[in-house]
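In the two complexes that follow, subunit A is the common piece, with subunit B as its partner first and subunit C second.
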Partner chain A sequence: MQELTTPLTSTNTVTASKPASAILSLRNLSVGFGQNGKSVRAVEDLSFDLAMNKTLAIVGESGSGKSITSLALLGLVHHLGGSVLNGSALFNSRVLGREVDLNSLSEKELRKIRGDEISMIFQEPMTSLNPVYTIGTQISETLMLHRGVSAAEARRLTKDYLDLVRLPDALRLLDAYPHQLSGGMRQRAMIAMALSCQPKILIADEPTTALDVTIQAQILHIIRELQAELGTAVIFISHDMSVVSEMADDVLVMKSGRMVEQGSVEKVLLNPEQEYTQALLAAVPQIGSMKGQSKPKFFMVPGLSEGTTNPSSGPQADHNTKAPLLETKGLTKRFDIRKGLFSRITHRVHAAEQVSLQLYPGETLALVGESGSGKSTVGKTIQQLIEPTSGEVHFDGQSIFKLPKLARQRFRREIQYIFQDPYGSLNPRLTVGQSIMEPALTHGIATSKVEAENMVGALLEKVGLQPEHAQRYPHEFSGGQRQRICIARALICDPKVIIADESVSALDVSVQAQVLNLMMQLQQERALSYLFITHDMAVVERVAHRVAVMYLGQLVEIGSRQQVFENPQHDYTKRLLDAVPHMDPSRGPGRFKPPLEGEIPSPMRAVGNEPAINKLEQIAPGHFVSQSDFIPS
Partner chain B sequence: MANEHSQIEGQVKRSSFRQFEFVAGLMLCGTIGMLALISPLLFPDGGQSVNLLARLMPPLQSSEYPLGADPLGRDILTRIIVGGRVSFTVGILSALGAVTLGTVIGLFAGYYRGFADALLMRFADIQLALPFILLAITIIAIFGPGLDRIIILMIVSQWVQYARLVRGSVLSLREREFVQAARSYGLANSKIIFRHILPNALGPLIILMTLNVANNILLESSLTFLGLGVDPRVASWGGMLAEGRNYAQSAWWVTVFPGLAIMMTVLGLNMLGDWLRDNLDPLGRTRL
Partner chain C sequence: MSIAAFFIRRVVQALFVLFIVTLFVAFLIRLTGDPASILAEEAASVTEADLERIRESLGLNKPFLVQYYEFIRGLLTLDLGQSFFRGAVGDLIAIALPSTLVLALSSMLVSIAISIPLGIHAAVHKGGIADQIIRVVSLLGLSFPNFWLGIMLVLLFAITIPLFPASGFSGASSIVMPAVTIGIILTATNVRLVRTTMLETLSSQYVMVARAKGLSERVVIYKHALRNAAIGIVTFLGLQFGNLIGGLVIVELVFNWPGMGTLAVEAIGQRDYPVLQAAISLLAVMIVFVNLVVDLVYGLIDPRIRVE
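Showing the complex of A and B:
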């Protein structure tokens, strides 16, 4: 491990030499895109060694070149229009029987190595399995190709590997199609496929980013266990420092294609040398860091807007004094599933069942839960994007859905919605200015074009952009800037409530911290109320005044942030908090604890099979907990 | 990674080829269209004067017949210019009519879904199942032949393609977050449809339309050939192709020149269509 703790400088000689303990040795790798690879340098002069049985984490924000590096190792960059300009990747190949430079191998030789000695797991388990073949066929294919075994033998081995990744009922799954499996199960099947030829190196490119936290914990656990069993070296690519902290032996931090810092996980995460690493780590919300504080807190990030004088005090909420601004009473939404010849309703998705919550002026209420918990359904119903099946939504004492359609329009002004995907929520054919002013023109807040343009300019400045940006199109902005634009659009109607639906989930950590700071600052200035819908417990701990936890369409716990985080009562809340990865490498190799098994059950139920309604009981002032038992399926 | 990729895409955009495409397309279509437009002034006889002495005269033999003469001794160049009137009118008006009707139906069916959608799409299926020639014979038999009836016939038979195409785009666009966002701040449905959905569904529409213009020019000739089209004496490119068919081996010029005229028009329209599509898209993407 000596060679990993001493970072290799870029001035190293190009003549490649591979330390004996290293299984893979990368030297001075450069990858370019565009004509002759000259337009964009995606990776510049990168070197590292990967040791047997160790995990090297490559971390960085989007565009840092971390994924391109892994694709370059497999000789796959030219599929994306890039080319390896320089560098060597020495690897002891068992198949070819010699030490080879992966960058100078022929396509035919590379094909022998890919999937056999070096294999890869991708981010999206939904799209990396072919939907028209069964799981068994897809895994057997790899085995038959690389091991030359018979179909029957391959099938037997496949079953063994599915058992290995702890998939229950492996025999049945052999003949299942990808859509019949949940996301977590699909990712396990992907891991089984990647491991089926017992590779020396496993490249995992953001393998858990698309998964829920409890499932993420399970997948990470499996990767760790299998690594120990099979002695595979893992290159773990991630943007999530907490996940890296739980997984890695060594960490390599990248920025804009270049290596920033490299070293053991303890060294890089606990005593980072480079400013960039320090800033990156400061932006990561760490669960447990807010113990004993009742108010939300700003992030300490460079590039904080000038207006904030006291960065450590967050926005304040004064509840108890006022009536709730927004209140749902027994909100229920069921989606009908029709099947058969006469489109009869056979099943219903119970997306939200008897949800009653209150949002007070000036506070942030976080609505948390995993996929299928119904948290977005609640938000969209309040925004009138969905009609509720039953129940009421009160705003300022008025019941929205009891009013005639025309009178409801007012609430689309008072309540604004910010979506998850900053790339998808702006019309690519409209300029940013046109997009921002549209709500104002719709509600007659701006009567003339000039007035609207002035408002847009002022708002763009407010969210940290320039008024001239109004003329540009969305694709000219980065993800974080786009989300600022969406915030500006939400603010133009001067709303009282903003529903933020996973609004920062798609952003890089440092950008996420800045956008959250902006939101908290705006809350302070305008006494905004936020309904903050998210799955990220660490972010919630930082920004929320109160927290509501949803599970299978029902509230299971609601209370102040301190009550829920420091004294969680419901089993599901506890499980959710346990599953959040902690950024604490000092806990050592024994820092992992096996996660709870089990999938998140589906909220779909047969007609007539109604779920039992949870009764919430008050256990402390403002802290309500469901008394139902939590049974993981 | 996706970021880097789109950056590169952006850098390669709007190459000089696009500019060339626009100029070339405009020149081709402009010249042919202008000539067709002013042809009654240039050739008051409408290219109908017969000279049996010049029958099937090859091109470049006489200054009077630069592109040769047809089996009745009519000047081919004159007839191509005059014939452009019919072909252009039929090709472009029918495509424009069909695209308008189909787009409106597709937009509303796709956006509102439900019963109206189901009804309109079943109607479209019936329309697709009807053979074109059968429809043509029926309509012409009832209303008699004529240019306007041919155009209406083509609109009736082709709106379905556009409606299907647009409906498909709308179904995916209406779930996009910018449409959801527009709904969330209370924009009226009609504005969402025309401001947010239609511009994003235009690309494939323009391509289909330029392809259909060419198709319709040829379709007009088939109808004329079957006696269901315009008066056979009136010059049209399709009609000329049909007439020259019997002489294709002995007198190639009778068919090749009108064929070239159709090809040039289609090429020009495709270039203009490509240019238009890329310019309507602020990303300026060059798609295949």
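Showing the complex of A and C:
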């Protein structure tokens, strides 16, 4: 009981009887789904050893079986309808006092190990905590179950663990409910819960995928620090090679349920043997790789792309010579929050404040920022999906919102929008062909059905699909194919501007590279302008001509890609760039020094409490920086 | 919004609803005809002066708004006036209201007691034999119209096998038949509701997290899943109670149960405005009150509403 009172000690994690190197040995694991587990094999013949105090990263794209593997280790896979068909997982259990095979333990024995010796952090911090119980209750529960401590003692220990994951004001958080915490705070609470019994093995399943990049950096740092302090072995499941590079000692690459390659992080990331690993790595945009280059660059995706593009060059922007195609002037959007008995407006969300930016013909302007920065609000206002509170949007010299409603219709054609979720943005009851031709018929671009069908066929070929695909329904396509379909739908109106709102964020990295290549290729051919809204700095570095950084509804820096990435001026831009994980295992562990404190503040303000408007000053030709101070809350 | 402000707002809304309901009731029943002519029907010859006298004695010659005002004042002072035919309205209600409440609450409580464990069992063992049986039987229960079910039960258990009284109120055993009739239909709905809600809750991430902590399946289901599922279930039960009060009219008539439904239907036939107004207004008060309680319980279960 002594070590419990001081969570930082790691005396009980090493026992004398343990076999030398591996804390867990998985051999020939197979997991199946469907009738008796026979219809689909999710994991096939997987083996690995997890070394003490080390991090093993399991990497793979969606459907590779990496999450199923972790649930199988905890004996939970049957709750998803799967079953372990074969294999052993040897683990030296302290609570059971012997070496056990996790796959042949009874449910009762497994329960003693779960949450105590092996614990897990899940992907979605927003849904991992039970909304109806306080943080304190949920963490204490584990301690009382496995440590048999009293409620008061559990509460005291819980506070210690909340301090350990650097949650401010831990005492108050004990009695807080999950909805009162931000995503990053919830994930810290989850980590505190998972570590509360000082597990020998921590399984982290995509623990930062749903978080903003600065928060991701904080969480990764905490996991690594606590791992060192507590001597925990970590199985880190991720699709993100850069994150893996920052976290892992060993890497196991999975594809379709099978192991492709495993080895040390240096070996797998720097000298991959398998073609699949090489292709996967080539598709990862690496921050810093574009140093000294002014133009965007295609991805090299051997074996994955159609190879239609010349990888060395990218689309050329047409700047300075022409007037901007699209321009926002002092664009402001505020959302009212009504509260209290009489629904008075007490607060306003200042989603966008005085945003002025220009988009030139043929260029990609990246609009970057974290949650609540207002980047999507700007995009949606330009597409007339929402009305601005004040400010103007000029297109081709005309002020859109000053025109009568009917006259504005034309701009909906010239400016197209591609959404983040390729699953939600196609009507499941329409064929792909019907979805694509709909805007053409609405805007009277195609005069007959036959003409529209011909256009659809040509466009499907253009985006790398086949004309016959027009007859099929969205569910018959993968995520990447659907995003291609959405691009085809955007193109049928022959737009000048495409607003891509996190359009590749939900895609696997190899698919993301292909879709980005397609977008750059189309830009080259048609002199399209993209407003590329994203949180992913590495992608931005690869595809953008110019970059605008938003923070709390305001622009803080805008300039050419090179200016912003190679000579960032505003503190927030620097912080954002620092937080991006690098895919460079040769830098060694602990090289990653992210900002540790600070939440992203809310853009919601009380009525009358107007934010100060940032003044942008030009510090180099085309490079504007806000002179405001960046104060992390 | 604090829970107090939330609650005050709901009370204000409820009072407004009641105002509209009573106004409508008072107005609409006066469109259905002149009670004075019904009262006078039995007399051999009626003059216009006779009718006028009847109207005056019943207060029907006063302007509508005055009549409405007197009715509302009566409601607030619990003086519900006189029935045209059967003495004090208050006395009639005092008999009918408890009968209805006993019937509604007992059938609802029994239904909850049966449907929650059955629904949970079906959800936890989804696709198993018990789940299949529960789903088929509950669909069957849903498919019966309640008046038909009532008549069938009377035929079977009161006439063929005389176990329970067929109708009326004659001691505690009288409640069995109408309560079972309502209970079967409520239970069929509720089992399906509990099953669906639990299935959704059991598939959420926090349930998997609870399992990964090493908690037993019993704690996972009853502590972590059920309380979340209860949010949806309680809301539904509130709405169901409203429907139940409406649905009771038919069942009360089938079993000749001396409740509010029977009272209201009789009053409609006789154009007995004071009784009808009072009965319908009280039913509305009950429905509104139950929904208020649901809102409060909702706040107690779900901290996202309770805490700002």
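Here, the second predicted complex is superposed on the first by the 603 of 633 C-alpha atoms of A that agree within 3 Å, B and C clash if a C-alpha of one lies under 4 Å from a C-alpha of the other, contacts with A are read in each partner's own complex, and residues count from 1 in each chain.
As a working rule, a residue touches a chain if its C-beta (ideal position, glycine included) is under 8 Å from a C-beta of that chain, and two chains touch if they have at least 3 such contacts.
Predicted, not measured: the structure shown is a model, and the values here were computed from it.
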Item to check | Touching partner for A:493 - first (subunit B), second (subunit C), both, neither | outcome: first
Item to check | Which of subunit B and subunit C A:130 touches, first, second, both or neither | outcome: second
Checklist entry - Thinking of the overlay built on chain A, is A:482 touched by subunit B (first), by subunit C (second), by both, or by neither? => result neither
Checklist entry - Given the touch rule stated above, what does A:54 touch, subunit B (first), subunit C (second), both, or neither? => result neither
Checklist entry - So, A:76: does it touch subunit B (first), subunit C (second), both, or neither? => result second
Checklist entry - A:427 contacts which: subunit B (first), subunit C (second), both, neither? => result first
Checklist entry - For the complex, which residues does subunit A have touching subunit C? => result 71, 74, 76, 79, 110-116, 119-120, 122, 124, 127-134, 141-142, 145-146, 177, 179-180, 190, 193, 339-341
Checklist entry - So in the complex, which bits of subunit A are touching subunit B? => result 33-35, 39-40, 42, 62-63, 67-68, 80-81, 383-385, 409, 412-413, 416-417, 419-421, 424-430, 435, 438-439, 442-443, 473, 475, 486, 489, 493
Next on the checklist: Going by the contact rule set out above, which residues of subunit C touch subunit A in the complex?
Outcome noted: 1, 5, 8-9, 204-206, 208-216, 224, 227-228, 231, 301-304, 307
Next on the checklist: Which residues of subunit B touch subunit A once you look at their complex with the stated criterion?
Outcome noted: 1, 3-8, 10-12, 176-178, 180-188, 191, 195-196, 199-200, 280-283
